[in-house]
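There are structures below to look over.
Two complexes come next, and they have one chain in common, chain A, joined by chain B in the first and chain C in the second.
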Partner chain A sequence: MQLTINIVVLAAIYALICCGYVLIYRVSRVMSLAHGELMMLGAYGLFATAGTFSGHPLIAIAVAAVLATMVGVLVYVALMRSMTGEAVLAAVLATIALGIFLRGAMVLVWSAQEQHPIRLLGWTNSAVSIGETARISAAALVLVVVTALAYLSLYFFLKYTVWGIRMRAAGQNPLLAAQRGIGLHGIYALAWALATFTGGIAGMLIASDTALDQTMIIIGLKAFPAALVGGLDSLLGALIGSLIVAAAEVLMIHYIDPLLADVVPFFVLLVFLIVRPWGLYGSKEELDRV
Partner chain B sequence: MADALLVVEQLEVVYQRVITAVQGVSLRVEKGQIVALLGTNGAGKTTTLRAISGFIGMDDARVTEGTVTYKGERIENLPPHGVTSLGIVLVPERQKVFENLTVAENLDANVARVVKGFDRKRLAASVYEYFPALARLRSREAGYLSGGERQMLGIGAALMCAPEMLLVDELSLGLSPIMVSELMQRLLAIRRELGTTILLVEQNAQVALDIADYGYVIENGRIVLDGTPERLSSHQDIKEFYLGGGSTRRSYRDVKQYRRSRRWYG
Partner chain C sequence: MPSASGYFRTHYGEDTRLLDTRTKRVCYALLVVILVALPFVASAFLLDLANQVYLAIIGAVALMLLTGYAGQISLGHAGLMAAGAFTAGILFKEVNAPFWITLPASGLVGATIGVIFGLPSLRLRGLYLAVSTLALHFIVIYAGGEYETKRGFSTGVIIAPPRIGSWTLEDPIAWYFVLGLFAAAALLFGLNLLRSRTGRAWRAIRGRETVAEALGIPVARYKLAAFVVSSMMTSVAGCLFAYYRGFVSAEAFSLFLTIQYVAMVIIGGIGSMLGAVLGAVFVVLFPYAIEALTQVLPTPAAWANAVFAINYAAFGLVMILFLLFEPQGLVGIWRRIQNYFLLWPFKQAPLSKGR
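Showing the complex of A and B:
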């Protein structure tokens, strides 16, 4: 039972991080390798607002979420926008550079010391019992719920709203999308905003559950294989990929060796790259129909 | 003179900084007209339409010379969505539908020009009226459509942008003669009922000249001939190379360069 809960919580963490990878890749074919850092920036955002609006935890969270969203728009407008239409590799390299820059900047501003934004909010992360023997921390429970909500809303957004449909259209064929009046910059900025929003929320919740320090970047990195296993351009794939990677990781830790934790996602990825290179739900080579 | 809806003047387009695909194309389209742009493979028809509708970075194409003026406004350096929002919408030659979206989603995805009293639902309904075949296929993924259905969806989706002017690239490509004349009739109906101006690129000169008010012939990136459909269809060289008639068979290279006929229009 406890094992199942651990798997679900870890899968939820990966899945919430993954939707950022998937959204950005889906619209622009760019893998954002700064996602872990952006996630951490979101968490530090909460740390900062919790200090500023002490006594008003909900306001602090709301402001932090807005900030995280704005960071995405800013990253797109200031950095990625000029890469539109350039080789994808250049854009990926730009995200790597951004990640390195952010990592350095965050250490400078907030030092490498472990922080606990949840304490500043005035809350404690108490554990909730499930059944006889199993327990889940409040923050982890919220995380699972938030992940479920995020995926449901993204699904409805992409499937049923015009902007969601436009986002899918732009991801498939940017030229045709532009010819049909869809402003690509707006779509890309929206994807980045959604990615840093969900990633930032993930960062805040992870920081609330454990602590806020540099290890968060590693969590972000470990979520990347989950997205790849799912195929990178499918939300359903990301969800299932997260489950697979999380299950493998938790079981390995439990039955073999806790030290394996950081290796397992990449090992799973390797296996998948050999067996099914396009991922579980990724689009295979597109057939040209005339 | 200056009040034509679209005026292209001495247009020159270069691909990848070195390949000149179009050099010195000039043409004009009056409001409410159907104008045909004819030419053989590689003549520069698609390039001309693409230059009007706007390039994006990954095309690696540039308008290096000349101007495109729409309602008195220069548009040759606008991005495609800017051109579309002004009311010029392209139905591209090849990729004209979003393959992984359903037919209905293909119609919904478009951003319409800002018009008073615009009603997306009503416009979609009228698209399904122009192309009843699409109504049955509403929830079908566009990637599975036949060539004719794709062409209908391409035009229908362009109509969802509330265009004042349609640029249609090779309507006849890969379609049966019946389907082609059917679609040409639809274009006529669209022009009649919505008042849409149409610039029609075709290799199949006959079907285009049948519905056009005016025509241009482009060759090696230059306009070599223009005139009314009657005049063009009776032109000796047109007969030979585009209409499949003509008295003696001559090899293409033997033909002397078309005499650049004076414009006697506009």
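Showing the complex of A and C:
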């Protein structure tokens, strides 16, 4: 029972991070390797606003979420905009460079100390028992709910709203979309904003559940195999991929060796890259096959 | 050095000659003299820097061959270096193997891993390839760390300096010449490969794979060859690194090391051997330059024990600036300066570019 809950929570973490990867990839065919850092930036945003708006936790969270969204737009406008149309390598490298820069800058601003933004908000992360034997922390419970909400709203956003349809169009065929009068830069910026928003929320929740420190970057990297396993351009795939990767990780840690934690997702990824490189739900032609 | 007056070549052989003009020969001879004389006048610190640069050049040349010429993205460079270093470490610890066995052995291990790294490249391209090499990086590092913990070398494996006969390689000046020779060999090997059939095939594959295939180039074989050659060189560099430091530990081969090597290729200038050298020099010296800068410039007191963070931030910033404003890298700047003086008083380059 406890194992199941651990799997669900870890899967929710990965899934919430993954939707950033999927959104950006689906719309602009760029893979953001700075996602872990951007996530951490979101968490530090909450840390900063929690200090400023002490006593008003809801305002602090809202401001932090807005800040996280702005970061996405900023990243696109300042950096990724000039990378559109460049080779894949250049865009990926730009995100790597951004990640390194953020990693250093965050330590300079907030120091490398472990932080607990939830304490600044004046809340405690109490455990809730489920059934007889299993327990789940409140933050983890919120995380699962938020992930479900995020996926539901993203689904409806992409399916029914005008901007969502524009995003899908831009992802399918940028040239045609542009000819129909869709402003590609706006769409790309929106994708980045949504990605950093969900990533930032994920970062805030992880920071509330455990702590805010450098390990978050690794979590961001480990979520990446989940996105690939599911298929980089499918939200449903990201959910299922997260479940698979999380299950593999939790079970391996439990039954074999705790040291495996950082490697298991990549093992799963390699297996999938060899067997089914386009992922479970990804479209096959995505993968520019040789 | 390009000449402003045009190219007067009468044989095909002259097109592929490495040193084609007298000026070039004189310049390189001078460079060799300076490099040979350097260790006898330089301080211990400078000597260590030079050795690090030589080590980096081997790795950078290897990555340049793979990424800059064959066009295959690899994010597993640190993993490959770790493979070489751990081969040396394990062989030394387990069977007390001498230097002249561990070095070829790590080359062999590198080549084997290169095949494994390269196999996904036959099916995958671009992003997916980058990711699969990234995954392999984590697995190699995990295997290394596992060896350390299982055998009880939790802080790392200590390796004795290499011994050939009764002579041990310990002196920094001796190291300087050994590493310098290795770096020169790597450069020459790379340059020679590039002017051969293999190099031309790699460039064709990088340009457009389908066309390369249509021209009759066995794409799969040459892709694998690129991975094998590059991995072997990287692995040997890793082995040398292990001996030079006298110490192997999984922590030394983090993802940041990969990023540093990728940065060497980018900052140096993709698709140029000179770029690999310039990039290696730049990236190795960069942290020291930053450290010197922080001592000169006023910085907040809280930054005093966060030197690595300053490094990261500055490094990321420089990489971003290069990607945005100088995608040709240092070589691009160097060529522009050259052209400025060559063409002066004119500004436009001749329409037909020599190379």
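In this text, the second predicted complex is superposed on the first by the 285 of 290 C-alpha atoms of A that agree within 3 Å, B and C clash if a C-alpha of one lies under 4 Å from a C-alpha of the other, contacts with A are read in each partner's own complex, and residues count from 1 in each chain.
One rule holds in what follows: a residue touches a chain if its C-beta (ideal position, glycine included) is under 8 Å from a C-beta of that chain, and two chains touch if they have at least 3 such contacts.
In this text, all values refer to a predicted model and were calculated from it rather than measured experimentally.
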Touched partner set for A:Q172, first chain B, second chain C, both or neither: first
Chain B versus chain C as contact partner of A:V145, first or second or both or neither: neither
First (chain B), second (chain C), both or neither touched by A:M1: neither
Larger contact residue set on chain A - chain B or chain C: C
First (chain B), second (chain C), both or neither touched by A:L79: second
Which superposed partner A:L98 touches (first chain B, second chain C, both, neither): second
Common ground on chain A, meaning residues reached by chain C in one complex and by chain B in the other: 86, 289-290
Chain A-facing residues of chain C, complex: 67, 73, 119-120, 122-128, 130-132, 134-136, 138-139, 142, 145-146, 149, 209, 219, 256, 259, 262-263, 266, 302-303, 306, 308-317, 319-320, 323-324, 327
Chain A contact footprint on chain B (complex, rising order): 53-54, 56-59, 79-81, 84-85, 89-90, 92, 94-101, 105-106, 108-113, 143, 147, 157-158, 160-161, 174
Interfacial residue positions of chain A with respect to chain C in the complex: 31, 79, 82-83, 86, 88-90, 92-94, 96-105, 107-108, 111-112, 224-225, 228, 232, 259-260, 262-263, 266-267, 269-270, 273-274, 277, 287-290
Residue ranges of chain A in contact with chain B within the complex: 84-86, 162, 165-166, 168-169, 172-184, 283, 286, 289-290
